[in-house]
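As written, the chain order gives the labels A, B, C, D, E and F, with residue 1 at the start of each chain.
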Amino acid sequence: MYFSELNSQDVHEQIHKTSIAILPIGAIEAHGAHLPLGTDNYLAEALAKRIVEKIPAWILPTVSYGQTWSLQDFPGSFHIPPQVLEEYLLAIVSSAAKNNFKLFVFINAHLGNHESIKQVQRKILALHPECRTLNLFYPDANKFSSQVLEQSRGHGNFFHADELETSYMLHLCPKHVAMEKAINENIEFPEDIDYRPVLWSEFSKTAVMGNATLATEEKGKFILDPVIQNMISIINKQIKDLSNKENK
Amino acid sequence: MYFSELNSQDVHEQIHKTSIAILPIGAIEAHGAHLPLGTDNYLAEALAKRIVEKIPAWILPTVSYGQTWSLQDFPGSFHIPPQVLEEYLLAIVSSAAKNNFKLFVFINAHLGNHESIKQVQRKILALHPECRTLNLFYPDANKFSSQVLEQSRGHGNFFHADELETSYMLHLCPKHVAMEKAINENIEFPEDIDYRPVLWSEFSKTAVMGNATLATEEKGKFILDPVIQNMISIINKQIKDLSNKENK
Amino acid sequence: MYFSELNSQDVHEQIHKTSIAILPIGAIEAHGAHLPLGTDNYLAEALAKRIVEKIPAWILPTVSYGQTWSLQDFPGSFHIPPQVLEEYLLAIVSSAAKNNFKLFVFINAHLGNHESIKQVQRKILALHPECRTLNLFYPDANKFSSQVLEQSRGHGNFFHADELETSYMLHLCPKHVAMEKAINENIEFPEDIDYRPVLWSEFSKTAVMGNATLATEEKGKFILDPVIQNMISIINKQIKDLSNKENK
Amino acid sequence: MYFSELNSQDVHEQIHKTSIAILPIGAIEAHGAHLPLGTDNYLAEALAKRIVEKIPAWILPTVSYGQTWSLQDFPGSFHIPPQVLEEYLLAIVSSAAKNNFKLFVFINAHLGNHESIKQVQRKILALHPECRTLNLFYPDANKFSSQVLEQSRGHGNFFHADELETSYMLHLCPKHVAMEKAINENIEFPEDIDYRPVLWSEFSKTAVMGNATLATEEKGKFILDPVIQNMISIINKQIKDLSNKENK
Amino acid sequence: MYFSELNSQDVHEQIHKTSIAILPIGAIEAHGAHLPLGTDNYLAEALAKRIVEKIPAWILPTVSYGQTWSLQDFPGSFHIPPQVLEEYLLAIVSSAAKNNFKLFVFINAHLGNHESIKQVQRKILALHPECRTLNLFYPDANKFSSQVLEQSRGHGNFFHADELETSYMLHLCPKHVAMEKAINENIEFPEDIDYRPVLWSEFSKTAVMGNATLATEEKGKFILDPVIQNMISIINKQIKDLSNKENK
Amino acid sequence: MYFSELNSQDVHEQIHKTSIAILPIGAIEAHGAHLPLGTDNYLAEALAKRIVEKIPAWILPTVSYGQTWSLQDFPGSFHIPPQVLEEYLLAIVSSAAKNNFKLFVFINAHLGNHESIKQVQRKILALHPECRTLNLFYPDANKFSSQVLEQSRGHGNFFHADELETSYMLHLCPKHVAMEKAINENIEFPEDIDYRPVLWSEFSKTAVMGNATLATEEKGKFILDPVIQNMISIINKQIKDLSNKENK
């Protein structure tokens, strides 16, 4: 169900039946030596694929370049300033709304994109109130990861190329993981990282935020199965709301 | 040689050896019933792949949403305003330059992106003069297409879902072509199309600009083989220039 | 130690001794019937005052209008779009940097301003790397509020005119609280509030997010005493770093 | 009658009775050694207070940072570029209009803000024609100051920390004046100051534009009493017009 | 001495000898029935011509479209928003600076352009400090017009298609004046015109701001002869300053 | 029929009869030693004049500064960035539309302006669909120039100060041509000029792109007579369309 593979006539005929668009969005960003630069895109795409197995929706082409301010000076990172990313995404969702999509779902696998997406959602609400948007970044993953991760994360909000994200990759995109290169980087987040602007090169040499060697496919599955189920439930709730609204 | 598959350490070690980045760029745009919405992206990606068979370069993730003003009201088209596209591309090339890429090649398969790319090239020349850029849109295709196309194109600059582009797809991405849905749309371009702003829905119902049924894989190959060879030569010339410069 | 009360000659003479600027920032926003529209500004100003009792710094005039998208349609709310707020703050911090301030501290009492401040911090790091910035929004308050609040908060990130914020006001600005008007609004946050853009008028009539009648001055003090101590420690650490740097 | 002290419910109930907003606006700017950096804000606030003694209106929180290009390189000056100030003020007045204010009065005590306010007024006229705006900068003060000032001003449009402004301060905010530090700076405005861009540091060392020692509280009162009366009359005329319009 | 008539080689050879650029700037704006829409441009061009009779300078092509907010709804007026005008002028002066002009003189005959020019001057001072700019709008005309005009102007700052401007035209561009259509429009400026945004159509039907029938060529000459002499002196002073600077 | 010479009353009365606006637009740009900097403006103005001999239309004042990126570093060139030019032109056409012009014709004599004009046309179609626009740059000149030029042009799209443009000038503005300074510059366009950003100073010393000595008035007339006839036909077709639409 890739939108790219459809043709214009299909869209014309089917948009009323399946008016849900799913946009995978990630980043090109350093993830150490054991995970590729495209990690966040691979994850977003794999999640999207899992979702459309259960929900009739079209997957739009991935937005592959995201906001990577914090890791911008690691080799291989590409950074899109948040305002630029916001404008680009706004044009995409506006086009989707003009194409009569009633629900637009961001499957975001890169935290750095969060605020740009949120701003786009607010603007779309004003510009196209008939088009709902969802911004899904591993909803409720913390609830499950806390049960299974061996290493406590160094920082509540961040995870990057560590036990958690590597487990995600082992579960969803194993062929892109080189576990033999996984390392345990002893990270000490600056205690004031939440208060001042910190480039991660200040406290990390590899962009691996912890002990990646602890990652396993099982942990990834343990966390992602319910997370994906959450995503599906959140989307289904919107579909139900939309359907109720139409029937009124 | 996909950049997404590399890891940060690879980039750090190899950027000096292979410092050529290739960016496929296309659009999501109506292409009739026989070609998919992602046609221009598929073509750009296929061309990029053919190029890296001969040139040591890294293919960046595709920029899949482009400027489609003219076809914006056909079902399935997504439109990025040119200024927005320009800013997004500028951020990408700037990041490439900071990553020490010395040559950045746009493989563009959608004419509507041309001006945004051109503006980006000019700005990069000022911002990162050490990073060369190339903007390749089927270089010199006219020379070869005029020898083999049966239908003369309705308009010198435009081709879209017609004998030419369908032949390209039959050669490069045959699995995405549904020739049984190909039609012969009798297009009459408004005679003043070069002088006033014309939405193509004004003169076409299907976005097929001519007789797509005439397309063959052979025609695609006949035209694209030398076009791809041209691309390679143009890139090689830059590599040689860069190498001369370094040796001085 | 209000900067507004100083004169130009003082600044010239003393900037090298006391080069810390403190900017209170809040919002004009509906806070129910028992708290005033200026609640966030009063809180920011009171916190700033407590800080300069311990740290030699100058308090800049309050930025009183903030980003209030979520509550913009409650009577009395004034909304500054985040991009506009960012530009205004950037000009202020740039001016501070040109005035040789070496440390610029945002005392933010309104969550809606957080992202704009964060973007400003990142831009200042590039433009004026010699000027450090801090973004302090009740650091680590959760640790203490969880010990003393009777009502669990409806949503992890938000608190607004509820037991918590009213307790803050009772402790810091009691004359601005009308406890006789405090109510217990039974709030049910939409379960998808983290995923789609939600105007709070959708689920609240008063902008009171919970049971404000539970608020007491003691709870406010219990939480804010260590929070303010945190602020002071965070600032002192920067001062020490700066001093170390200078002595090298 | 400070808007910050009101609560949301008050606004809801009273906005129809008292729909006049008053915004004091000034700057943080060098004013010599005898007047503080916040001089223009103190003046704007004091004027606003005098006005609401006679007119039922709400005073909004002061916008304390203004456009100070000319004095930007004196210690203590903070400069907001005019375009940035304009956007910030536009957001404030737009919010006021959405809150059903029918009359929005800028009490401006800093000439450098004049153009930004004027542009905002023009934009609001187009965006919210139902909301009137007034831009009051010491209306008709020249008529009265010419009768009482001993030193003729060096330049028709400018006054700064001189006999005039110091007298204003002595009358409205005497506790912020340190007359013992007042000086007589012999200023020679460049004869071409009206034609080319001149930073005032080019011709002044202290930012005192004349003989501040001549200032007296009486002069301040002599000028400001009728100026404030003017402000009140101008506002009352708008109220009358609005009332006439409503009664039609 | 029109810059348009020079060729590139001339510029190359002579720019060091005559490095003064003069830019006439006006507007397309309603001026009643007796004066043409291009009045301000004709005046600016005529003034420029008079200046280069005495000063070796090059006249650049006129910027013919200006900021006409106040008269925008009279037939024939073209309005350029001030920010847009500013950007356009900034590009022109930047180009002049890159061409090694050392002095750039705006000969402005339309008050509405004043602020945009002023902002450009400030920006050029920062970007190209080696290039001086002058903004000349009938310098000191008031001194002379007050001696000869029969009708006192309704408003201190404004004159438009009235005795004064018509006299200017009779002196400088008589062939563009149709005195037989000149009228005496009895204008009453709104008393609050300085405080709120007023479109002039609110108080005028013809855009003639007074008694144009009183205009004579003699009055025009009486005022403009010394005004032009002022312009020349102001320019000469800059030339002298530049020459002193170079000789150091 | 110069719009500048009309008065406001004329416009009011006649706009319904003659609602066609013609805007000459060119550039200030180096054109060798034999052609002046204003060449493109002179040509645009002369073409406009020829058109209004046959069509009842008003010629607006020339926009004299254009986008000259490629030749920006030749002495005498003035460059307006494309985005800035676009905004300026957009304001002009918007004003024309508000003045009830139904057809707006750009007579462009400088290729570098083409894209900005095209973007303006697209925006006007959305903002003022009732106002048609035309973008005329020597329509179909190639058809005729190929018959008469002796030197084949070095590059399909470009002509500049060469046999062709000099012949245009000899025919339309002979007094501005200094044939005795015409040269034959042997230009070799870089073979990759279509693919990378090339400043023309890289391959030319004079900005003369070929053999200007071959130019004759006859060649100019041979090409321009039918080109001008084309322009008139294109305009007349729009007039007819508009008239048909009105009669419906």
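The definition used in the following text is that contacts are C-beta pairs under 8 Å (C-beta built on N, C-alpha and C of every residue); 3 or more make two chains touch, one makes a residue touch a chain.
Keep in mind that this is a model prediction, so the values were computed, not measured.
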Intersection of contact sets, chain C vs chain D, gives none
Of all chains, the one whose CA centroid lies most distant from that of chain B is D
Where among B-F, A-B or D-E does the C-D interface show up again, with more than half of the contact pairs the same? A-B
Using mean CA coordinates as chain centres, what's the gap between chain E and chain F in Å? 27
Do you know which chain E residues sit against two or more other chains? none
Which label fits the chain touch graph of this model best, line, ring, star, complete or other? ring
For a quick check of the interface rule, what order do the chains take around the ring, beginning at chain B and passing next to chain F? B, F, E, D, C, A
Complex interface listing, chain B residues touching chain A: 2-12, 15, 28, 30-38, 41-42, 60-65, 72, 74-81, 84-85, 87-88, 90-92, 95-96, 98-99, 176, 178, 181, 206-207
Footprint of chain B on chain F - complex, ascending: 69, 82-83, 115, 118-119, 121-122, 124-125, 132-136, 139, 191-192, 194-197, 234, 237-238
